[in-house]
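You will see two complexes here that share chain A, one where it goes with chain B and one where it goes with chain C.
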Partner chain A sequence: MRRMPSLGSAISSLVAFAVGMTTLLSLLLGDNPELFGEQPGREILAERIAAPGDVMLRLATLMVALSIVLGVANLLHVHVLRLRRHSLTSAVLLASFAFTLYWHVAQGDATLLEAVLVPIESALAALLCLSLVHGASRVLQKRADIWGALFVLVVIIVLLGSLGLAELAPVQTMRDWLMAVPVSAGARAILLGIALGVIVAGLRALLGQDRAYRG
Partner chain B sequence: MDQTTVQVFSVLFVMATVVLLYTARFFERRRRQRAQRQMAALERLPAWTSQSIESSRPLHLSLGASAVGGEDTPSALAGAEFFYHLIQSGAAGDQAPTISTSSPTSVPLAQDTARRAWEGDSLLSARWYPPGLAFAGGLSAAMAEDEAAAQILAGKLGPELALILDGADRGGSLAVSDQLEGQAVAFAMADETLIGEELYAAAGYVSDEASASRVAVVIDVWRGLLIIGLTLALLLAYAGILPWLSWQLLLAAVVAATVLGLILARRS
Partner chain C sequence: MSEDFNWLEEARHDEPQTPVAESGRRRLFSRLPRISLRPRRPGLPALPPLPRLFRRQRDEAPSSASQLISEREERPLEELDERLRDLRQRSLQGSEPPADQPLYNVDEVLVSPEALNPGGGLIGAVALSKAQEEQVELLRDIVDGATPGPSPGGASPGRGSPVALTTATRLVAAVFVLLLASLPFVSSDFDFFPLPPADFEARRGDARSLYNALDNLRPDDRLLLALEYGATAAGELDPLADLALRHIFAQGAQPLIVSSNPIAIARAENIIREINRSVMRANLVVEAGAHYHILRYLPGGALGLRELSENFAAVARYSSSGAETGLDIASLADLQYIVLLAESAETIRFWAEQVVPESAETPLLAITSYAAEPLAQAYAESLPQIAGLLHGYRDAFSYGEMLKSAYGMAPPIPLTPTLEPAPNTTATPLPASSTPDPTATPAPITPTLDWTPTLIHITVQPTATATPDLQRLSTAPPGERATPSREDLDDPANQPGEQAVAVATVMAQPTSAPAATIAASDTPGPTATVASIRVVEVISPQQVRIRRGPTTADDILRLAQAGDRFEVVGANGDGSWHQIALEPGLNGWIAQFLVEELVMTEAEFRSGSASLPAERAVLLREYDWSLGKTGPRYYQAQPPSPADLHEFAQLRDRHQEGPRLQAMSLGALAAALVIVLGNLVHGVGALLRRRGASAR
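Presenting the complex of A and B:
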């Protein structure tokens, strides 16, 4: 038997639908007076159609900016609860948070950022490079098929072609062709697929078919 | 194409997609008769879920940097829908799954997904980490401590995915990203990979709900039409008659397709 939606989910679906469709149509049709032919006051009409979209986008930007507080609150909440399990990582994180906050308020400078965070981020970036090389070296272990072999072959050609050595000019030509034709075509195909998925998933949410609104 | 043509085409495309979403039932019935397109990457999910239940180790799910309120809102919603059905299928275990994100606006979405899908205590389920490399570093440490049974990463993930997957050797891993760099890393390093639009269709494959599988149907229909359209455009361009293609022609084609869809829906 089909379950009846609750009043709350019906209202949230309705609000999502109304706001979403208004914003969508406003963004799609706004700011183009030519759409109204020679009708008098067409510039004002185009601006009015674009206005709701602008307002909603500004509101969204404001909410995104404020949401960082929510993120920090979640981080602290999770790690305070994890302290009950005697998590050493959580204890270190909470102590670091308290110390950083105290330092920033008491000293008012960015020493901790420059002396601790920047080197750590740099170290992680270097580690990322190693992880990528490690991952590429294990492709044939994980994917022992023609696609895995092709992946490794392309990686080698692109890396060698990027060296810029005169002796490797043919490899460089091959690299340029790979980047311009198959890689570009593949990337476009993936992006087209993603765009289709985005449109369908977005419209599904606007139409209230998404679980986030259905409760 | 001028701006008016683009706008008209966009509105028609959106309207046609809405019609397709409502009429997908017909295509879906036909599709079930000839078996659903397979996604081999999803076949290991039941085994990972069982492993999580038997070993009392949590599943780790991640939305990456997909943010509600940003341009990647659909990927956040699609990832949350996928995770909802995945958590439900493993709801018999005693370890609540964790859903991580580096976007603070996605924290309520992650928490709500876990709360609705998981019957037990899900207070610790949603976890936020700062974006970028800090996300990868924090997540790797937390996952090592939690000994996650499997990592399923679906959302906006960049090259930092390499650090996360490098630390995921103790369990299985499935990754898909809406970023090209992340997608390449996922292909090289994850045990299983979904590609491109499969992120948005995945929920339909792990769910029995008809409404979830309709997304996969609509994407498949559009993809088929896109392939036909691109092939036709290529042939027309090759023959030197592409300028003949106009928005009036596109309008006629979309109206015809919509009417056809409505007729088929009524007959179904």
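Presenting the complex of A and C:
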């Protein structure tokens, strides 16, 4: 038998529902004086409807910004604790944090970003690329069927079609077709799926089915 | 008030009356049990026993608030899906932070790393469902080969084992791809592949629209430039950001740079710093506040973008450094364009969902990574507000070549490292005379440079005849700079006549040498005239149809994009249709409301764009894709010093776009070879094994 919700849960669900619906209606109906026809003072009315949504939006972005600060503080706190257990990676992380902070304050430029972050992330992306190439070279070993062969064929067409060689013009045409039709169709399907998923997730949050706010 | 909440009223009567200082709500709430929103976990202390008041209420009213409080529990585990149960299980394994820690209770929001990552290491483990784990296992099997199991005695896998074989083939494949991809950096003998076209292909109307849109910006136009990419995509999107910024600055427009990615804000500063370095010898500085603004960081992803679209005035109020920008912009509708540089498909989705619907009057120009192109294309075909689309490194090359072709063929600026500031930079008012004398020879015009930390300005100081129209360009009060604007150059009143030609020549052949002189012989002769022509420019963000006749029933000859220009050769009776020249011998008709009418010289029209003021064109002229951002033309005035050569070599090494494109192509070819050969070997082996197994 399903239990009755607790008071805290009921209150938090109610608050979430009220805030969510207010924001939703405010964003949907606010700043649209034409919705009220020729009614006098419709601009003021539209502004007033928009106001709660604006306030909620600003509060939410403010909280997100503060959560970043909280996240940094939590990260430092955790790694300071781990430092007591002689964790080398934590020591490196804390030293990097301190040095980056010092550099930014002392130099005021983003040299470290260019010299460290960009090369490291680019190298990671390159490693991923090499892993994918090697993985694609072994697909038929693990999956010697029509789908594996189709996958390999598509990969080859896309890679060769991007070379721009006149001798490979038919491959280029096939690649363009692949990008324009199946890939585009897949992208649209993903968009539709995301839209439906967002609607469902929003409704579940509004109705208290999903309580990410821990009510 | 419902019956469930009567306990609050009763509480007031049950409690003994106390002095004011101790009574009332404070005392009442001090006796209430602490309501914790934390889930109950094993090992946590139980809630304190309920006071008598609540115990009575619980017994009397089964659905009372006190009962709800006392029976408060999390949602039953069986209602959770498998992934949430796994996550919960992992979080229960974490240790509770001690109560005296400053961040106690933060674990409600941020799961402790011990819970996420019981095995240690910087990167936490992720909770996966069984189905996901199976798929990960399959992927791991494909990519890594056989996972090494615990070998007896802890010995490492021996030579010839599947793991060693997989490691060896992976190493060979990586070395092969890396070797081929690095060859173009060693020698140009390996430049096998054609570079991307120097113009966007005909089918890439969206790319051409983007170029035209930026090329037709007017001085003082403002646009939003969203840099939505991080360090991973910097190699791919930095060149596009660089080119777009140069293009915008060269038009005299003001970009307002914004991002929901803090890395991108720092990158924007770096890119502009590099632009300034590349043109510093032209005494040109692009300054924050004057020529661009970097607005504050937008936190919260989609939420931040929503705030941007709803409250743009508030976002534009502060710069990334926290200073007030002084911008007076009410909404996104006040901007000319939104230019979005996006790394991921998700970013494009956020902008399409949160910003585009709120800024229907402001066209969006999208520049994306190659990976995000399919989704961007889907949006571009669906949303009429998306007026242009570029993607990937190859488009960056074409874009750069187009800019070079449009603006880089002008005579080089004879810059010298020994450029000195001009002592006197005030403009001299023109004589109030004079009627143009068609037989007169134009007098020498002396441009001087103004050593200022802002954009370079050329002061025209004619010593002979001038028309009243030209006088307007140069009659700034003493001490102020007279800067001919692009409108001035486009003004039909300034076009005909030899003096106008003389000014235009100064713009096209600038010199930064102090007191340099452009002789009159450099200009057309006194009898030369520049004819103006009527031109229409497509302003509709959507594709427009050019028809065979002035009605919508006539056949469609071709489609045109925003920014396309055509010479007008006629009009219908009521002026609602323009007859335009499409090609020699072929005219078409275009509706009047879809275009804007311009007047320009034929040379400007043929060059594809109106001439830029020279002081801003240097931004584009100094960009050389094949050799780096400052090419040898830079040093034509005099031999470069060793220091100059060193700097040039550094720049060339950092921006080897040609070799990079060759390396990309060779890398793709190497990857294709690895995949084909690997699958041939592995596929044949698998078939043989399968056949052998079935035979047994």
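Observations on the model:
By our rule, the second predicted complex is superposed on the first by the 146 of 215 C-alpha atoms of A that agree within 3 Å, B and C clash if a C-alpha of one lies under 4 Å from a C-alpha of the other, contacts with A are read in each partner's own complex, and residues count from 1 in each chain.
Methods note: contacts are C-beta pairs under 8 Å (C-beta built on N, C-alpha and C of every residue); 3 or more make two chains touch, one makes a residue touch a chain.
Because the structure is predicted, anything quoted here is derived from the model rather than measured.
By the document's definition of touching, both partners, chain B and chain C, reach A:R138.
By the touch criterion defined above, A:I68 reaches both chain B and chain C. Look at A:E121: by the touch rule set out above, it reaches both chain B and chain C. In the superposed model, A:L24 lies in contact with chain B only, and not with chain C.
Residue contacts after overlaying the shared chain place A:L163 against chain C, while chain B stays out of touching range.
In the superposed pair of complexes, A:A95 makes contact with neither chain B nor chain C. Contacts of A:R204 after superposition on the shared chain: chain B is touched, whereas chain C is not. Residue contacts after overlaying the shared chain place A:R188 against chain C, while chain B stays out of touching range. After superposition on the shared chain, chain A has more residues touched by C, the comparison being chain B against chain C. When both complexes are overlaid on chain A, the residue A:A110 reaches chain C alone and has no touch with chain B. Under the contact criterion defined above, the residues of chain A that touch both chain B in one complex and chain C in the other are 60, 64, 67-68, 70-71, 74, 78, 87, 89, 120-121, 124-125, 131-132, 134-136, 138-139, 142, 187, 190-191, 194, 211, 215.
Taken together, the chain A residues at the contact with chain C in this complex read 2-10, 12, 27, 50, 53-54, 57-58, 60-61, 64-65, 67-68, 70-71, 73-74, 77-78, 87, 89, 93, 109-110, 113-114, 117-118, 120-122, 124-125, 129-144, 149, 152, 155-156, 159-160, 162-166, 179-180, 183-184, 186-188, 190-191, 194, 211, 214-215.
Those residues of chain A that touch chain B in the shared complex are 24-25, 28-29, 32, 34-35, 60, 63-64, 67-72, 74-75, 78, 81-82, 87, 89, 120-121, 124-125, 127-128, 131-132, 134-136, 138-139, 142, 151, 187, 189-194, 196-205, 207, 209-212, 215.
Chain contact summary for the complex, chain C toward chain A: residues 35, 37, 39, 63, 65, 67-69, 71-73, 75-76, 101-103, 106, 108-110, 112-113, 120-122, 138-139, 141-143, 145, 169-170, 173-174, 177-178, 193-196, 230-232, 234-235, 263, 266-267, 269-270, 273, 298-300, 303-304, 306-307, 310-311, 314, 345, 349, 373-375, 377-379, 665, 668-669, 671-672, 674-679, 682-683, 685-687, 690. Residue ranges on chain B touching chain A, taken from their complex, read 2-4, 7, 10-11, 13-14, 17-18, 21, 67, 69-70, 73-75, 77-78, 80-81, 84, 103-105, 107-109, 112, 116, 123-124, 126-130, 132-134, 136-137, 141-142, 145, 159-160, 162-163, 165-166, 178, 180, 183, 185, 187-189, 191, 195-201, 211, 214-215, 218-219, 222-223, 226.
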